[in-house]
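Two complexes come next, and they have one chain in common, chain A, joined by chain B in the first and chain C in the second.
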Partner chain A sequence: MQPIMIQLKGIHKTYFGAQPLHVLKGIDLNIAEGELVSIMGASGSGKSTLLNILGILDDYDEGEYHLAGTLIKNLSETRAADYRNRLIGFIFQSFNLIGFKTAVENVELPLFYQGVGRRKRHQMAMEELEKMGLTDWASHYPNEMSGGQRQRVAIARALATRPKIILADEPTGALDSKTGVEVMQLLQKLNREEKITMIIVTHDPGVASKTNRIIRIKDGVIEE
Partner chain B sequence: MIELLSEIWQTTRRNKLRTSLTGFAVAWGIFMLIVLLGAGNGLLNASNENNDRYVDNSMMIFGGQTSKAYDGLKEGREIELDENDLQITQSRFTQNIDKAGAILNEGGATITYGENYVSSSLRGVYPMFAEVNKTKISTGRFINDIDIRDQRRVLVIPENQARELIPNNPRALLGKTVRVGDMAFTVVGIEQEDKSRMSSDVSVPFTTLKTIYNKGNHVGRIVFSFNGLESEADNEAFEKRYRATINRQHRAAPDDEESIWIWNRFTQALQMAKGTNIIQTALWIIGLFTLLSGIVGVSNIMLITVRERTREFGIRKAIGASPANILKIIITESIIITGFFGYIGMILGILANLYMDATLGSKPIETGLFTTTVFVNPTVGLGTCIAVTIVLIIAGTIAGLMPALKAARIRPIVALMAE
Partner chain C sequence: MKVDIDSFHELLQTLMRNKTRSFLTGFGVFWGVFMLIGLIGGGDGMKEMLNSNFEGFATNSAIIFGQPTTKPFHGFRKGRIWSLTAGDIERLRQQVPQLDVISPMVSKWGVQAVNGDHKFNCSIKGLLPDYAKVDAPKIYYGRFINEMDIAQQRKVCVLGKKVYKTLFPGGGDPCGQLVRLDSAYYSVIGVDYAGGNMNINGSAEEGVCVPLSLMQRAFNMGDHIDLIAVTGRRGITMSDITSQIREVIARAHDIDPTDEKAVTVFNTEVLFGLLDNLYHGVDLLIWLVGIGTLLAGAIGVSNIMMVTVKERTTEIGIRRAIGATPRTILTQIISESILLTSVAGMSGILFAVLILQMMELGFTEDGIVTAHFQVDFWIAIGAAALLAALGVLAGLAPAARAMSIKPVDAMRED
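Here is the complex of A and B:
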């Protein structure tokens, strides 16, 4: 048994709007180091909220969340940013590259926020791009690349800081099916070869079937 | 820092028109500030130059007319200053008064040299007159103590009047004997011409003039230089004491303010300095308010920028930017825009000042009696440029603060929202 990477205990989350909305109703979940897991659920199931909490983008009301042995609770914005930077790599549905920066500058960005020097940063970013087979595209802007290439730049950016986990939100959602399959294969390979813990949020059963474990959420609770 | 600057260059480049329109408002504000301050300095310098003709710490006393009945005498009596007053001025106020003297005037004197003559007027003066009035001698000397003691018949003539007597070489008049009316005088000095004054009189020793023209006991005006009166209150107290003393000599009420007139050049200079400060403050305020519209403009486009870049800031935060990182981007951008356009405004303002200096500044105005210049060196100093730089940095920070706080509050969740 691998050591536990993510441990959720009795997580509750309520959005207090005009009508209080109890979104997560006691989530218990353990994910071991090196696992490749998918989270599935219909819209409104609480899937996105769970992803926000896992990604330290949002706080929760009750319970405990341990990430790589660290309790993640009531963090200041600066601390949260620091943890996100060092522990988590994000892959988004719409890539979320910064349009006025070149591919390599995009990959450098998280390293910049880590305070890595200019030269070192560039070198590390180039290594990541090389792994993605994008060395020739390093000085191109995102709008000069195809969707698959952009998503690979985003993956390189997520990997640049050597995070503990990768959180992918619908990573193939904006890609055609052929490219989507290629991206999934890439993620699987990274999981297998680099032993990176990976959590993929998706509603695509085809994507979910490529993962080792599928976690289904319905009405704010896990039904495994 | 290099990263930050190149990033700001990348983003502002995308909105050239918008940025330069807003920048224009800032440049205009600073331009106005510099031009106003420069023009203000020009006016103040010109008035200072006019006031600079006298030594600040001197007073001149004139006889007046009593305004109060006192000691059995009716009001409306003429008071004429006499030898006794001069004596008292010299002996009783030694604590404050350095040198005291008097000035007697005698109009309608014709000065003749050979065939040439010039109509002038005489003034009998003490040697200290030259100091108080900053008289400049171009050749020879001014009236001295021996002239006074011996009642010598010597005179100091202004250069423009000397030119009437020897047109080609007025300075050759030095040492020559001229006639004043029927009497022979020796020219001991030639006074430098000062175009900013009305035509000057011919100076002769006080005692000489008094004797020749039978002035009796009268001394005309008393003039003295003083020391140790630093504040306006000091000066007022001194004037009160002095007035009371002189009034008593003439059986006038000690507090009668019209029996003698005191012209205190020091308090006048103090008031001028106060006025100068007020004018300069007012110019700064006007300039800063002009700049304010520029600041509001910059603040406005920064708000738009933040709105446009909401998603980008969300992404940055998701991948590890702290609120402080985001704050820094916006504030720096704001300071750079404000500073860049502010400096353009400043340079244009300085050029406008130089233009003013070259045109108005060097064009004397001829009034007939004297010439004057409206603007003297209408420029701003290095101090103002440094002050303006600080103003720009503060202005940029203020302009960027609200948008920056707004940007720093953007939640990283926006990065996850579909476009």
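Here is the complex of A and C:
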């Protein structure tokens, strides 16, 4: 058994609006290093909230979350930003590239925030793009690229800082089935060859079936 | 956050993304600074121009002249015509010791000055040398009338600027040459370039000055005097001794000492006091309008930045998700604001300075600057500092909003 990368213990999360909404009702979950996991669930099941907590984008009310041995709880915004930058790579359904920056500039951005020097980060970004087969597209803007290319730029950006885990939110949701399959194959390859822990949130059974383990969420609890 | 070329590149990129908007927003600040600097410079120039009207004029002075009486006195009816005489000068000197200079003047209008075939219709003033202490001449060539001219009753004259330019169109030093005034020839001893508009008995530019004694004789004036210019000693307030002056003169001429019209004492001090108030009022207005316009520009920047931040919610969310700290975002938004305000503001300063320089050039004659419109170097520096401060202030509210954007918001678009 590989060492544990993510450890959730009794995570509770309630959104306090006009009507308090108890979204996560005690989540216990362990994910080992190098695992390729998918999280499935109907909309409103709490899977997005779980992903936000895993990605340190949102806080939780009760329980404990250890990421790579560090307790992630009540962090200041600055600390959270630092952990996100160093430990986690994000891949979004709608790519979330910055439209007025070229592919390589987008990939450089997390390195820029990490304080990597200009020349160095350009070189690192180019290496990542090369792995994605996008060397020729480095100086193109996102709107000049196809959905698949954009998602590969986003993957390159997520990988640029060499994170411990990759969190992907519906990575194939905005792509046609053929491109979706290609992107999934790419993610599988990365998981296999670079041993990156990967968590994919999806409601597509086809995508989920490509992962080693499927976690189903229903009404804020896990039913594996 | 590392500061390198790319940080700056980022700023430019975001500002250039919406050129028209950045330009229009910047224009508000540009116009504000332009107004402020332009008004300060223009105000100073105007003030100087206004002051040049009183150029060389002693501030603590008064002019005394006679007009028909308005009150009956000692059996005389009102409306009697009288005039000052040479005796009044001695009387004032003895009975009003607070006076410093007491200088009489006679004048004649419509005299033709002729040099060859150049003619000019001028006024002649008969003066004593100490008149220069009341209304200082700006001698360009030669000298002013001196004691020897008076004592020897020399037939000499000092030409006003316009008279000189007309009679000697070729320029050059006219001293020693003869000029005919009506029927007699006078030797030119100097040229007076004083251009103030506050003149006694006609503009100095269009006048010719000759020694008083000579004039009284040449034009058969007896000891009649048109007016007396006086200055107060140091520490004396003119308005305090006005009635004393009037009384001394009135008594000698059988005039009611309370007849302010008959013995008119025109006090320049009151005029200067009035001007001072005017200047203060204008200054206040300039700063109010200038700062107000600038502030409106800065608020415009703040407003637009607010819209921009709202528009960029997704982008800022993404940045936060991939590791931008709130501080990074704060720095970025405030830097954008500072860059926008200072670039626009600097162009405003530059443009204003350019316009002021052009105005100053327009008011330069014969290499002499008549009005300084250009602002002080330190005012420009101060304006630049003010702009930077305004940039920070304008960026604060939008930056606060940008910082409150949670990375989660970026993913909430679908």
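We take it that the second predicted complex is superposed on the first by the 224 of 224 C-alpha atoms of A that agree within 3 Å, B and C clash if a C-alpha of one lies under 4 Å from a C-alpha of the other, contacts with A are read in each partner's own complex, and residues count from 1 in each chain.
In this text, contacts are C-beta pairs under 8 Å (C-beta built on N, C-alpha and C of every residue); 3 or more make two chains touch, one makes a residue touch a chain.
Not measured: the values here are computed from a predicted model.
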When chain B and chain C are modelled together on chain A, clash or fit: clash
Which superposed partner A:82 touches (first chain B, second chain C, both, neither): both
Chain B versus chain C as contact partner of A:98, first or second or both or neither: both
Which of chain B and chain C A:45 touches, first, second, both or neither: neither
Chain B versus chain C as contact partner of A:55, first or second or both or neither: both
Which of chain B and chain C A:115 touches, first, second, both or neither: second
Segment of chain C that clashes with chain B, given the candidates 58-66, 166-174, 256-264 or 328-336: 328-336
Contact residues of chain A, present in both the chain B and the chain C interface: 48, 52, 55, 57-58, 77-78, 81-82, 84-86, 90, 92-94, 96, 98, 100-101, 109-110, 112-114, 118, 157, 161, 169
Contact set on chain A toward chain B in their complex: 48, 51-52, 55, 57-58, 77-78, 81-82, 84-86, 90, 92-94, 96, 98, 100-101, 109-110, 112-114, 118, 157, 161, 169
Of all residues in chain A, those that touch chain C in their complex: 48, 52, 55, 57-58, 77-78, 81-82, 84-86, 90, 92-94, 96-101, 108-110, 112-115, 117-118, 157, 161, 169
Residues of chain C touching chain A in the complex: 1-2, 4-6, 13-14, 17, 314-315, 318-328, 406-408, 410-411, 413-414
Chain B residues touching chain A - in the complex, by the definition given at the top: 2-3, 10-11, 14, 311-312, 315-325, 411-413, 415-416, 418-419
